[in-house]
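Below, chain A partners chain B and then partners chain C, in two separate complexes.
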Partner chain A sequence: MKRLLTLLIFLTSVHINLLKASDALPEYTLKAAYLYNFALLTDWPSQKQDTEQFNVCLYAKESLGPAFDALQNKHISHKPIKIHYLSATSQAQTCHLIFIPKIRQGGIEKILRQVTHLPILLVSDDEEFSAAHIQILHNHDKLIFTIDTKLLEEIGLNLSSRLLNLAKEIKR
Partner chain B sequence: MILKKIVEQGTIEEKLIHSNIFTLIYAISIITIIMLTYQYIAIKDATLQEIRTQTDIIRDSASAAVAFQDQKAAQEVLLALKSTHDILEAYLILPNHEVLTYYLAEGSTEKKYFALFDPTQHENESISLSTIHITRPIMLRADVVGTIYLVGSLYGFYTKLGWYIASTIFATLMALFLGRLLAVHISKSITEPLSHLISTTKRITTDNDYSTDLTLQESHDEVGDLSMAFKEMMSQIKKRDLSLQQLAYYDRVTNLPNRHYFEERISQAIDNAKKYGTSCYLMMIDLDDFKIVNDTLGHAMGDLLLHRVGQRLMHTLRNSDATFRIGGDEFAMIVESIPDDKSIQHIAQKVINAISEPLMLDKNTVKVGASIGISHYPLYANNKKELISTADKAMYAAKSKGKNSFEMYTPLAV
Partner chain C sequence: MWKHCITFLVMTLSCFRSLALASEDYQTDATSLSLEQLVETTFIPASHIANQISNASSAVSIVTAKEIRTYGYRTLAEILSSMKGLFIPQDTSYSFLGGRGFPSNQYAGRVIVLIDGYRADDSMFGQAYLGNDGILDVALIERVEYIPGGGSAGYGDGALLGAINVITKKGSDIKGTQVAFGFGSQHANQQRVSVGETLDNGIDILLSASSFGAKGSIQQEGDNDETNKRLFAKVANENLSLVMAYAKRDIHFPTYTYNAEDTSVYADENAFAVLKYHADISSQLKFSSALWYGHYIYSSMDKYPTYTYVGESERIAKWYGGDVKLIGNWFEDHTLSLGLGYRHDYTWQSKNFAIDTSINDIFSDNTFDTPRKTYSIYAYDDFVITPTLNLNYGIRYEKSDNNVSSMVSPRVALIYTPFESTTLKLSSNLSHRQATPSEGYFAKPENAKTLEFVLEQELGWQTKLTGSLYQYRVSDRINYLSTHDIVAKGAEIELQKNWDEGTRLRASYAWQNAQESDGAELIKSPSHLAKLNLSTPLINNQLRMGAEAQYIGKYLLNKNTDEYREDYVLFNINLLAHNIAPHLDVNFLVHDLFNTSDKKNLTQLPQSGLGFWLQMEYTFK
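On to the complex of A and B.
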């Protein structure tokens, strides 16, 4: 019981840290927490469960890093999260989730070509980026998100209905 | 105390009814207590379980909303609680102890119970007299993303329990009522043969008539046995009555009715004659020379002689009830429905002939005779006493005339 409580308190504190990472851009800290929740609420196909790590790939400069640091201590499907920074020429097939921020370097086309038809979750906060499966958007001072189920269906990724319920818009 | 009262007072029927009802109450009480205890536990468990399940459902449905801190979505989840009446308040609390959203039961405007929420506890449950307070962590997969604090009302539990107690009381009263009817019926069926036996016994005692035929109800229990025993006893009494009657009314030497019987029969004959306007004759028969036989051959031979004479007399008259031995060597005959003196004289002669016939008594030939006096009612007597005395007088007249003769009583003859 005591151990369980300790674990609970620990897990809670991790979550608090995630939401309140102080030295990073607060906006991206929140987005990092969103990414984590998206990953949690996605049913990963078996081919994506054979890996030793859960690869969260950021198509960004490492300066965005501190906001995502808290993710490194966490697990998805019992696998530790590993943060990777992608460049235009990186290999992206092993990623589970790719986050494409609005502020990014260079064209994304090459990466996209690699991952087309692969069960890799593409999340972006760029409303112009139409290839994203989930788009995180700003609504006044709040974050909302939309989900493109049509694209998800094509690559064979299933999101939990609980996540779908929370989406502001679902593209079919 | 009550038990003692039941055992000591009243009729068997009442005792049976009371003991049946007492047993019934005893059994029903135990069943009721067990059932109520069981129901109390079961209903309370079910109510609590229902509230716990509600909590779990809300917790799971709200987990994603809490994880994304989506207040609107979380509010929508909590609104589902509107359909239940057991939930008073519910709070979705973020890890920083901020309330994301909350729900208050219809009609309630203030957060009555939130002060009781302990933010240091992630998993807790406390039950007061009227409420249950549940605190559970909200998990997203393995992560704790918040806490749900829910207050449920036990009003539903008390309502259900109340209904159950009411229906149990009703069922108990019904069972007692039907049980009483059944107890009365059973007790009656057991005691009825007994009552019948008692009334029969009372009737026999008051009527003093032991020859009453017993019509007892057949039953194969102890009462049946008692009835059979009673019947058997009655038949024994009847038998003993008969043998007593034999002793009281019959002479043991001759087997003829004795003086006692004679007295009753002569009264009866006179009564009949009076009633129907008929008449009757009385013959007094005295043996001649009997004393000689008794003295020379002994009393045993004397008795044997009397026995043989008795038999001969009986054969002379068709009606065996009409011949009596009324003294040592004295006999009497009551003859009714005879038209005239001639007929009675004919009978008297037949009697004399029968008695004077020689007898073989243990190799001794004995000859005795008879002197007969005859009287008539109502010609020579007005009553029993006169009838006997006139017949006696006639008999002495016959004796003085000589042996083996008869004499009709006439006022002139004496």
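On to the complex of A and C.
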């Protein structure tokens, strides 16, 4: 009986603590929100405006979790966001934004060859992925981002000054 | 049995339920926040299910440094105990590794322990040291992989039923000087200082020294204490690395052989040094080589004052060796590995000395004039038949100069990935183990034939289910009690899930049925093992709780007396406060919450039974 009681207390404490609210947010929830803001604060050229939907492509197999799925059907320039999952052999030209997570499996070269010359925003949380236009990085317990304006100029994508002002570093 | 099973199940289901509720409530949409708010928001780091490093075709279990801290593990035995299908009982002085039904009082030596690729079990007893006698402080471990199933083709003789791969940290993982102090039940205390740095010229250095001491719970009836000292050094650059480790453990306990004053003192000393070099010769060819030295020194003293008996013994084993390996991509879709190995066990000494006033003094010295040299040659191929189908096959031939050990160990495995989220593996191995000098120098190597089927299924984001079915047969057993084959079959299932808000879950169940070929039951071979590991952040991510439950099914303790150990559930709970003050981590562990592991005087080790451990770790940057 005593043992059962202890177990009960133990389990209750697990329940209570799990439901305790926290000011901090999960890493991927924040990253998904960053992607949404990047998309909002980019001047999309006319060729990218003539689409029915706003295509956010995730270079990951199956799912990157509920955080990114939550972007589905939100709107960027009056177009609903559609989430796509890319694999090494996918067609990626119709994407507006491609997120290349650090935890991806396999090489990204095939996709890159298709898109590097197109006005598609490449975002990554991998500090070693130098082809990214925007990198989301860890800085102690906060997330920061860096922007490579040189690469962006080459493909003719302009970012709002609000975005540039908040970047931790701008590569020119 | 049912009571414990139900307790375990209730706990498991209840955790699942609360987790499901918790993750539903959790905010997954932060798009309402402005970019200005986002850059000011603290994040909860995502944790990903660790991928295996080793190229194994079995169902590998992994414990990383993060989990070692979360659950407050202090020995390799505690790390392994949390893994699927493993069972680690202890006697007064040593921990024994049991898994997949193999009797755990003999298992050490059937599963080899590799530290950064170096085979760390001693060559005198074939024991892998897992407790406070272990050669590494767990704070230096980056990850532990348990690769079940026959592994002689890959790892050489000894890996009869599996291998444990321990990967140590780098200096850059410590980045500074780390000082740790721990205190626990039974006057246990530990001190450690580690220095880690990457120099400007790219050389990475890690140095560490630690010591441990504990008094047992039965001091009133005689001395009972345990101490150890450990040293570790690792220096590496891009191509070259040197790893050195030393550990000595002394244990002193009453044996009560005849009287309360009767005591024993054991000392175990392990040391090794490994020099490794690897280089890319061309885009198609990689070269790697290693040179190593190791030794094990054991001494014991038994005192029975009333009978004026003093017995002393000493065992010394020393070895060195090396290997070279070429990995080539000469042919499309094939990765070929070719290698040569050499091992020289150049000292095996066994001395016994006894003074007994009732009879004459006894002295024996069994020093081997010509210890053993073992040569090996191996080849493997990883063949990509189609993008979804791999064939993995290889063979290792080993021969020793004692004329009894000539071993051919083949392996073959098919790995099929029909969907991105599903992997099926089918593998078969023949593995060998040479006798140690303590078992008899001229015994034939024993062998194991293993067959295993594995399913790895990803069930959505950060959720992975692993199932395996296996069978094996151990023949030509090196065992003076029974030479019957051991036949075993079993099934294991494991679920891992990580939630975005930081909760991590690992739950496993193993059913195993191992017996001798004449139907005789094996001792210390429980049929059911279940494990549950749950960790979750509390209070704004400042604190993390790690709770674990381990169910050990009923097992036979003693064949002659037909005595069984009843099943039990072991609960441990740890609280880890990360950066409680700048650079300071504190953890508090309650081990065996319900004092279930210490029944029936099975063990009187300082660490068994209900106990606590408090540790502080400070890093000077």
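One rule holds in what follows: the second predicted complex is superposed on the first by the 145 of 172 C-alpha atoms of A that agree within 3 Å, B and C clash if a C-alpha of one lies under 4 Å from a C-alpha of the other, contacts with A are read in each partner's own complex, and residues count from 1 in each chain.
Definition applied: contacts are C-beta pairs under 8 Å (C-beta built on N, C-alpha and C of every residue); 3 or more make two chains touch, one makes a residue touch a chain.
Treat the numbers as computed from the prediction; the structure is a model and nothing was measured.
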If you stack the two complexes on chain A, which partner ends up touching A:Thr42: first (chain B), second (chain C), both, or neither? neither
Is A:Leu166 in contact with chain B, with chain C, with both, or with neither (first, second, both, neither)? both
Scan A:Tyr34 for contacts with chain B and chain C and give back first, second, both or neither. both
Looking at A:Ser124, would you say it contacts chain B, chain C, both, or neither? Reply first, second, both or neither. neither
Which partner does A:Gln135 contact after superposing on A: first (chain B), second (chain C), both, neither? neither
Name the contact category of A:Asn55: first (chain B only), second (chain C only), both, or neither. neither
Who wins on chain A residues touched, chain B or chain C? C
What is the shared patch of chain A, the residues that chain B and chain C both contact? 11, 14-15, 19-20, 34, 37, 41, 74, 162-163, 166
Per the touch rule, the chain A residues reaching chain B in their complex are 5, 8-9, 11-16, 19-20, 34, 37, 40-41, 74-75, 160, 162-163, 165-166
For chain A, which residues are in contact with chain C within the complex? 3, 6-7, 10-11, 14-15, 17-20, 22-30, 32-34, 36-37, 41, 61-67, 69-71, 74, 87, 103, 138, 141-145, 162-163, 166
In the complex, chain B residues that touch chain A: 61, 63-65, 67-68, 70, 73, 95-96, 122-123, 137, 140-145
Residues of chain C touching chain A in the complex: 7, 11, 14-15, 18-19, 21-22, 25-31, 33-36, 38-46, 48, 420-421, 458, 460-462, 500-503, 534, 536-541, 545, 547, 571, 573, 593-594
